[in-house]
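By written order: A, B, C and D. Residues from 1 in each chain.
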């Protein structure tokens, strides 16, 4: 019987909502394409969080109504988005200067693996990948003031994504501060992950059983 | 009797007009503060030459009428100017990226000395100058596609400003392509200046007498 | 009178030579100079190096240029997207050289070329396989890579409005790579939806001043479709 | 609700510490944050390093800050202008350290700080006495100097319009050093002639997005005078 049968892992929406809860008003935040993009939907509009999309949009708003699409306005995931009141446009080079210069308070990326030392692998699954595609992941991981990762705790085949040492090609060294998985919220401490929260019904012992990297309870 | 008594040196206005004659339509040009700024007055408005001022003005026009001054619009010499139809503003960093990137067709600077090898000294008159001030001269000299110098042929004490080797602190190495003086128009060739034109009444021999750097007639 | 507006695609494409490094603006299909890419296909230059964030989708535009065997090398950050079938075919067949560059490093390398900076240090990609062969240096306690300027012979870009001096504005996120590519190429050619009188563009709002633009061709195609 | 607009000079100046590196916008007297400089004089921080294109004129503003002995070092391109009497006095008396930086290198060093680039190569100043002590390197047949990023603890800048998110526009050549300094400092404080409602600024025309601005103080002083 798997540990996952004895607890209630978070759904994708619950994971996104959980991350959203930790983003304070006034932060400038970049959400990686894929699952992290959903986080924006769980930040209430009255809590002003300013979302950045690396293709030159600062103050990105939610998807437009079907009859109000601006066809020149997409996000980094190439979906139609809107611009919030107060938002602005910039070119790619200014947009990545903003990222590289450490001006974003937070970036949330998806990942294949995160290591106990904060290394992240999220762009390529093998060294001989045909046509690897990195996009802006390395710039975001190296440049943002604070990097969080949102990912499933386990791969489809049941392997731990929180590892002692990444085996996939790295995106950045020692960049991750915190991981939000469907089983837990964990801080990177350098040697082992500090578990801040677990899914209902889960114990540290059970969580450690499915996690390659060493764990300890956060104090 | 000085060589200057036997010929008719150009006046400041004539020198500016002489340079203006050689600037073709469509060129992007930066004019150094001081005497070079006057060159713009001698480019007829119907010949579209686009003047750049390093404080972020592209398409700079002449001084405004006294009752039409925009007090937020000055040139690098801190004089009120106008913006021509089609002109635009940029910030300092973009403005010097334009200079450093070699996008200007021409810059015309004043100088203390120009050497036969194209070295220019135009910012400081001694190595222990109190509070030297370089401004944008080094960026302009190193960055512009083509650098011309507009200057008196002789110092007030009668020394040649066209020298074998600059004795004043350098602005840039091998940067000057052509010198317009009150006595001649001369191209930099590396060993000696090639004389293209002389003031009325002047001979190569007489010009050489007052010029430290070696001269030869341009072919 | 300065007039950078050209009247035909043939005129716009004049002088693009075999072996040229061609910068292609756009991110996804937004701000992408589709008409100019078709013009380049027609024009015939081959053995090209293409710099573009993506590697084309479907079988038109950049994908078509690739399929015709006209591109020797592609420099991009994200060649793999839904529909990048042509690229994947020829890449697997070993028929194209690929240089993967992180997106921010890609734009900064072009900015450097346009700004007269031959090389700069960045923390992006330190410790990754994209650092292979690059000089690494410790500066103030952090590791950085030295990255070189990336200049184009030609840039093909898309604008929203243009005037006869070549001043350009863009629309929303269609700005993306276009302004930086305009600065980085010896010959920048812009397609534009609108041509306006000189002076009609607000001087405070011009994003690309005409100094960076050699030719402007009006291509009023209406609304883009995301592919 | 994000609101970067502060109501008093004291609030604007909070937290500027002794020893801070302070970037001062403006070129000549245009785009110069005069009110904020007066505020800084009042506030009292000392042992400052000031980065500014010029070194002040007359006996007010930056010149006054110098005269009060509050500036340990000045980094600028052009300290000597008509009226820079205070600077020349204290410089001759050996009471201030001066670092002369070419104007384009000065702005690019600040841009580098804001853009996460610790160092870059430039041809400016090669072979001159300003190259002393700098690493020189041959790249593709030309000589370049390595220049380091120049970051500020504080930037004092002047804008034309601002909103509560700190988005800024500038007016004509008053743009100058202000946008790049805004990106280069940990604490950017803007004085502005006009405050507008959020959304009143055209998103295509915002030059400094609010992410670079921490505090905005309205100082509607009317027209500048060239000194």
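The criterion applied here is as follows: contacts are C-beta pairs under 8 Å (C-beta built on N, C-alpha and C of every residue); 3 or more make two chains touch, one makes a residue touch a chain.
Not measured: the values here are computed from a predicted model.
J.: Going only between touching chains, how few steps reach chain C from chain A?
T.: The least step count works out to 1.
J.: Pick the pair with more C-beta contacts: B-D or B-C?
T.: Answer by contact count: B-D.
J.: Could you grab the centroid distance between chain B and chain D? Build each centroid from C-alpha atoms only and quote it in angstrom.
T.: Result: the chain centres lie 29 Å from each other.
J.: Just how far, in Å, is the C-alpha centre of chain D from the one of chain A?
T.: It comes to 36 Å between the two C-alpha centres.
J.: Mind checking the centre-to-centre distance between chain C and chain D? Centres are C-alpha means, answer in whole Å.
T.: Taking the mean C-alpha position of each chain, the two centres sit 33 Å apart.
J.: Name the residues of chain B that each touch 2 or more other chains.
T.: 83, 89-90, 97, 99-100, 143
J.: If a residue has to touch 2 or more other chains to count, which residues of chain C qualify?
T.: 108, 111, 115-117, 122-123, 170-172, 204, 207
J.: Sort the chain contact graph into one of these: line, ring, star, complete or other.
T.: Shape of the chain contacts: other, as it matches none of the listed patterns.
J.: Chain pairs in touch?
T.: A-C, A-D, B-C, B-D, C-D
J.: Note which residues of chain C are touching chain B in the complex, please.
T.: Of all residues in chain C, those touching chain B are 1-2, 111, 113-117, 163-165, 167, 183, 198-199, 201, 203-204, 206, 209-212.
J.: In their shared complex, at which residues does chain A touch chain C?
T.: Residues 53-57, 70-75, 78, 80, 83, 89-93, 95-97, 99-100, 127, 130-139, 142-143, 169-173.
J.: Taking the touch rule as given, give the residues of chain A at its contact with chain D in the complex, in rising order.
T.: 25-26, 28, 46, 48, 50, 52, 58-59, 83, 85-90, 97-104, 143
J.: Considering the complex alone, what residue numbers of chain D touch chain C?
T.: The contact residues of chain D facing chain C are 108, 112, 115-123, 139-140, 142, 144, 148, 169-172, 202, 204-205, 207.
J.: Report the residues of chain D in contact with chain B in the complex, numbered from low to high.
T.: Those residues of chain D that touch chain B are 27-31, 55, 77-81, 87-88, 91-92, 98, 100-105, 107-108, 110-111, 122-130, 160, 170-180, 207, 223-226.
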